[in-house]
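Structures for review follow.
You will see subunit A twice below: alongside subunit B first, and alongside subunit C after that.
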Partner chain A sequence: MRLSFPYMGPTIVYAKLFELLGHDVVMPPKPDKEIIDLGVKYSPEFACFPFKVITGIYLKLMDKNLDALVTSGGHGPCRAGYYGEVHKKILQDLGHEVEIIVIDSPHDDYKYFYEVIKRLKGDSSWLQVGRVIKIVYELTKALDEIEKKIEILRAYNDKGTINKLWMQAQEDFYQIKNTAEIKEIKNKYLNKLIKFEDSIPVEAERYKIGIIGEIYVVMEESINNQIEEKVNRFGFEVERSQYLTNWIRENAFPFLDRDLEKIEKKGEEFIEIGIGGHAQGNIGHAINFKEEGFDGIIHLKPFGCLPELVSQSVMDDLSEKYEIPVLTISIDEQTADANVLTRVEAFLDMIREKNYREVM
Partner chain B sequence: MNNLYLGVDIGSVSINIVAIDEENELVFKLYTRNSGNPIELVKEGLAKLREEIELENYKISGVGVTGSGRQLIAYVLGADTVKNEITAHARASTYYHPEAGTIFEIGGQDSKLIIVEDGIAVDFAMNTVCAAGTGSFLDHQAERLGVPIEEFGGLALEADRDVRIAGRCTVFAESDMISKQQYGFTKPEIINGLSEALVRNYMNNLVRNRVLEGEYIFQGGVAANIGIKAAFEEEIGAEVIVPEHHDVMGAIGIAMLAKRDVKRSGQESSFRGFDLTEQEFETTSFECEDCANNCEVIKVIADSKVIAVTGDRCGKWTASLIGDSAANANVEGSSEKEEKTAAKSSKKQDEDLNKNSEELEANLYKVDLEKEKQVMKELEELEKSDENKKEDNSLV
Partner chain C sequence: MKKRKIGIPRALLYYYYFPFWLKLFDELNLEPIISDSTSRDLLNKGVKKSLSEICVPIKVMIGHVLNLDQKDVDYIFMPRFRSLKKDVVLCPKFLGLPDMIRHSLPGLKTEVIADQIDSKSDDIAKFDNHQKLSKTLNIPKREMKSALKKATDFWQRYRDLLFKGYLIDDFAGIEELEILEEVITKFENDPKPPQSRDQNLEAPVNEEVVDIAVIGYVYNIFDQYINMDIINKLKEMGVRVHTFSMVAEDIIEKELSNLRKPMFWEFTNKLYGAAEHYLKNDGIDGVIHLTAFGCGPDSMLGQILEVDAKEYEKTFMTLRIDEQTGESHIITRIEAFIDLMRLKKENN
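Take a look at the complex of A and B:
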């Protein structure tokens, strides 16, 4: 099948997955102003921001003769569960016939999940599928491991140099064929990063910020105003609540230990029931970040996102009880870079000032 | 020769320039409306500063820039400190009022709430949606009612009756205002209603469920409006203090921060000197198409010489500014050497890394082996059943 998918985070992972399964993969374009404008124009006005971005990406792909678009589903009362159907309708109304294959979590419906995988596996045997998934999972882990290092080192080194290494790493990873090569490339870049590690100060002088929120705006730097780089710029390390490995663990692999659930369960203290999206999990992650000694939380909320609106409303209580500052930023196509920068900078200044008083 | 520290606040509505001395005393103060050309206004401001004070007695030892237009002006001036307006406002406020607990700051296009404990900002909020609750909102309504903004606040105090005006959005407020005028409410009453709407908005959007504590400081351009001050006092039931230099607090704060930074680093100020008032500045931008990031790269040019390049994420264009090819070559040469020595030890490192990352993996990404086996078995069975089905089909 000739297929594509929405752009989110390290796209090489999905591309590799479908490529190894023998599909003809069209790389989706990275969201930019044009795509976002396109998406906003053809999406319902009240839809949440990630929906609009994805509409834009799909429309941009329409001249590529695709057989299908593969995307993930959502569960609970979050609107992400309807994305597939609504996108299909929008594309149809605009005269584009394309199938949208939605991968829902196997934990919701084991059978349906297998049906979908059966379609996607094409002519590959089930054992091959097992092997491919393993390679892709290894790849994701390697990428996430390097990215987590990048998110620390960029705080203490020239941002351009570190960014360049990260971009090169992603390019190199795209060429891999087996797990041995993944390891090789991973080590190559970890080695390159080692010489920067001397710049990390002693533990007491390190400041760490946890980024939580709706998965799409947390994972996709091109629509979240490169929030991680902004935080890094002021000498703060970052870590996200969402990495692709987490998503795969939750949504694609039935055999992985679901220890993330333990973190997410902590969220029940503030949001008792699952309300869709990652609201409950995010609260859990916020508490977990505090327990791991983080100094602050940045909460990203797409405009029009219901679950994150609920989690925003409990942030004040959480912040007070756990004594951790929280900054909520609402993101949509109207978000201006300067506004985000001002808020992030003031937030980080505040955290730093708390820890020392200078003589005037 | 006394040290002088410049503070420049490039706001959306006003541009403020101050100069403070070593004792934080205000030596120069300028508040001008931002008519849309910040570089020219800053140049004029500096020229005025040069006229008003005897520069022979002073040395510019530090420059700080804040406000939404801070990035560009920082390059133009050669600023030592570039910081957001929240930090700057908090700094000035807590200096003049060490007992401050809550700072209300309402400027042209944004409003802020800063919560202070023991002289340190511990929490803040900034308007998220739109102009409602900012100076622009009042400006617009004043114009609409034909009242100069300077008299706006005083008029509100003359109101006899209360009138509730919908203040969530500028446009809706306007239609509500027109309709209330039909009921025979006077101008002062309408203005009072608008002031209350602004404060109500501020309370709902920024303060939310926070507990506020005194002293209450009210600053920013809107603090000149005694109507709003009165509305705040009524809302919180306590006295609100408007500092003497409420309109330039951001500029004072950033000048103080510049002083601190220069002292801490012990370096000379990077101020580009008063000659810059004679220079022509220009900014250009282009989209770099080297990769999918499509960074918007901005160049700042002074008298046809590029003084700053910014916006690229990989550092390609920023590095081009350094332009000192010899220095670059040196860096590259040494890094090559490093790589060679690195290659020698890399094998051992690789082993260590493998070990390390395996441990990390084992801890981070636990795989339930039993479950994995079971799933693989299920997969095999599935495959078999698929094959059986195919055979069935062929029989049919």
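Take a look at the complex of A and C:
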């Protein structure tokens, strides 16, 4: 099948997955002003921002002769689980004849899930599918490992140099065919990064910011105004609550990951039951960041995001109780780069100032 | 012994369940205190204490909770509605409502009783759904169960009248159980049909009566302040008003089974089922989707209905209400909408 998918985070992972399964993959365009404008124009006004961005990406792909768009579903109650169904309506209404394949949890509708998987697997044998999944998972882990390093080193080194290395790494990873190559490339870039590690100061002088929030705006830098780079620019390290590895583990092998579950459980103190999206988990991550000695939390969410509005509502109380500063930023098509930059800068200044006073 | 006072916020699902709660608290020998009707002042207080981008109904709810806190009640009763059907939940904001109240209103002095409601149907009378209430107020399980049974029977009578075509508006202003009982009995024996089924209805001078389905959540279409009293305005203009609460459950279920995947939110699904039913119905001239600023589920539902209305060639309009909607714009828009339908009718 000739197919594409929404753009989020390390897109090469999904591309690799479908390519290894023998599909003809069209890379989706990275969201930019034009795509966002297009998406906003054809989406409901109060749809959340990720929905609009994805509408834009889909419409931009419409002249590529695709057989299908593949996206993930879910059982809510966050709206993201229903994107696929509404996107179908919108594309149909505009006269585009492309299929949208929604990968839902097998728990919701086993037969449908099986049909979808059978089609995506194409001519590959189940053994091959197993191999492909292994490769893709290893690839994701490698990418995340390097990215976590980048998020630290960029705080103390020339941004351009580090970013360039990161870009090269992603390009190299795109060429891999098996797990041995993944390991080789990973080690190559970890070695390249070693010489920058001298620049990391002693523990007491390191400042760390945890980024939590809705998965799309947290993971996709072209949407969140490159927030991580901005924080790094002021000499602060960053770590996110969301990495693709987590997402894959959570959705594909939920039995594997007890550590992550433990962190997310901590959120029950403020949000007693699961309310959809990652709201409860994010609260857990915020508490965990504090326990790990982070100096502040940046909470990102799309404007009007249902679950994250609940977490924002409890955030003041959390911030007070755990003595950790929190900055919440709502992101939508009207978010201006300068605005985000100013707010981040003021927030980080405040943290430094506070720390300085405490030391005195 | 003095009766203990239990406050019920007149917001969100109040309009759907208030007969149940009035009867329940009466049986338990408690004095229910209902918050004042929504007003400018009450809403402003809610707005001040909530996040600016949260939806209007939640702001209204917070206003009502603050209002009750001023009323010297012993408890505020605000259940956490999680589910009214297997595998379907309510909007995340309903799920997190008690958490939001607890952590964003630190000044609240009244204890909030927030039982979690996990039900298989709209009937919420299970004892498990009222454990906290029973524990906090020291009510023995047996007494609680018997009160719940009476409450649900009473609520069922109300629900049957709604299915028969009565509007929630016909009851919602009533705060006294005795009066409510009288009204329900009166309607049950009334030979005259309710407004929505009245074939002899007369419109103002020489105009034709039109049938409009107003699709919206109970807390948007029956809070007369927040929606500028749209239901009565429509009635005055000679409109038979239809709402989702008049559509039988099996019709809604049938419409929902046409979706590959129903939505995740209970009342959004109900609205969808009812709306599809009305879109196909020749007796309905037009459909108004009444939604509140910032409503997430409605952003999805609205898009689907808009496309479907085009397909069924039904006149369709979205009306959005927020904390500062001007009255005149609502009137202008519904007037234009009704004119359009009358014109269509004449041309046919």
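Note that in this section the second predicted complex is superposed on the first by the 339 of 360 C-alpha atoms of A that agree within 3 Å, B and C clash if a C-alpha of one lies under 4 Å from a C-alpha of the other, contacts with A are read in each partner's own complex, and residues count from 1 in each chain.
The rule is short, and it goes like this: a residue touches a chain if its C-beta (ideal position, glycine included) is under 8 Å from a C-beta of that chain, and two chains touch if they have at least 3 such contacts.
Computed from a prediction, not measured in an experiment: that's the story for all the values here.
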item: Touched partner set for A:N288, first subunit B, second subunit C, both or neither; value: neither
item: Contacts of A:T55 with subunit B and subunit C, given as first, second, both or neither; value: neither
item: First (subunit B), second (subunit C), both or neither touched by A:N224; value: neither
item: First (subunit B), second (subunit C), both or neither touched by A:D316; value: both
item: Touching partner for A:S105 - first (subunit B), second (subunit C), both, neither; value: neither
item: Which of subunit B and subunit C A:S330 touches, first, second, both or neither; value: both
item: Partner chain in contact with A:S72 - subunit B first, subunit C second, else both or neither; value: neither
item: Which superposed partner A:V129 touches (first subunit B, second subunit C, both, neither); value: first
item: Partner chain in contact with A:A338 - subunit B first, subunit C second, else both or neither; value: first
item: Shared contact residues on subunit A - subunit B and subunit C; value: 316, 330
item: Residues of subunit C that touch subunit A when the two form their complex; value: 50-51, 53-55, 80, 82, 87, 89-93, 95-96, 98-100, 102-104, 106, 116, 259-261, 263-265, 293-300, 302-304, 307, 310
item: Residues of subunit A that touch subunit B when the two form their complex; value: 29-30, 32, 114, 118, 125-127, 129-130, 141, 145, 158-161, 163-164, 167, 183, 186-187, 190-191, 194-195, 222, 226, 229, 245, 249, 254-257, 259, 316, 325, 330, 338, 341-343, 345-347, 349-350, 353-354, 357-358, 360
item: Complex contact set, residues of subunit A against subunit C; value: 43-48, 73, 75-79, 81-82, 85-86, 89-90, 92-93, 102, 104, 108-109, 112, 270-277, 279, 303-307, 309-310, 312-314, 316-318, 330
item: Residue ranges of subunit B touching subunit A (in the complex, touch as defined); value: 24, 68, 71, 83-87, 95, 119-124, 126, 128, 208-210, 256, 260, 264, 291-294, 312-316, 318-319, 338, 342, 346, 349-350, 353-354, 357, 360-361, 365-368, 371-372, 374-376, 379-380, 382-383, 386
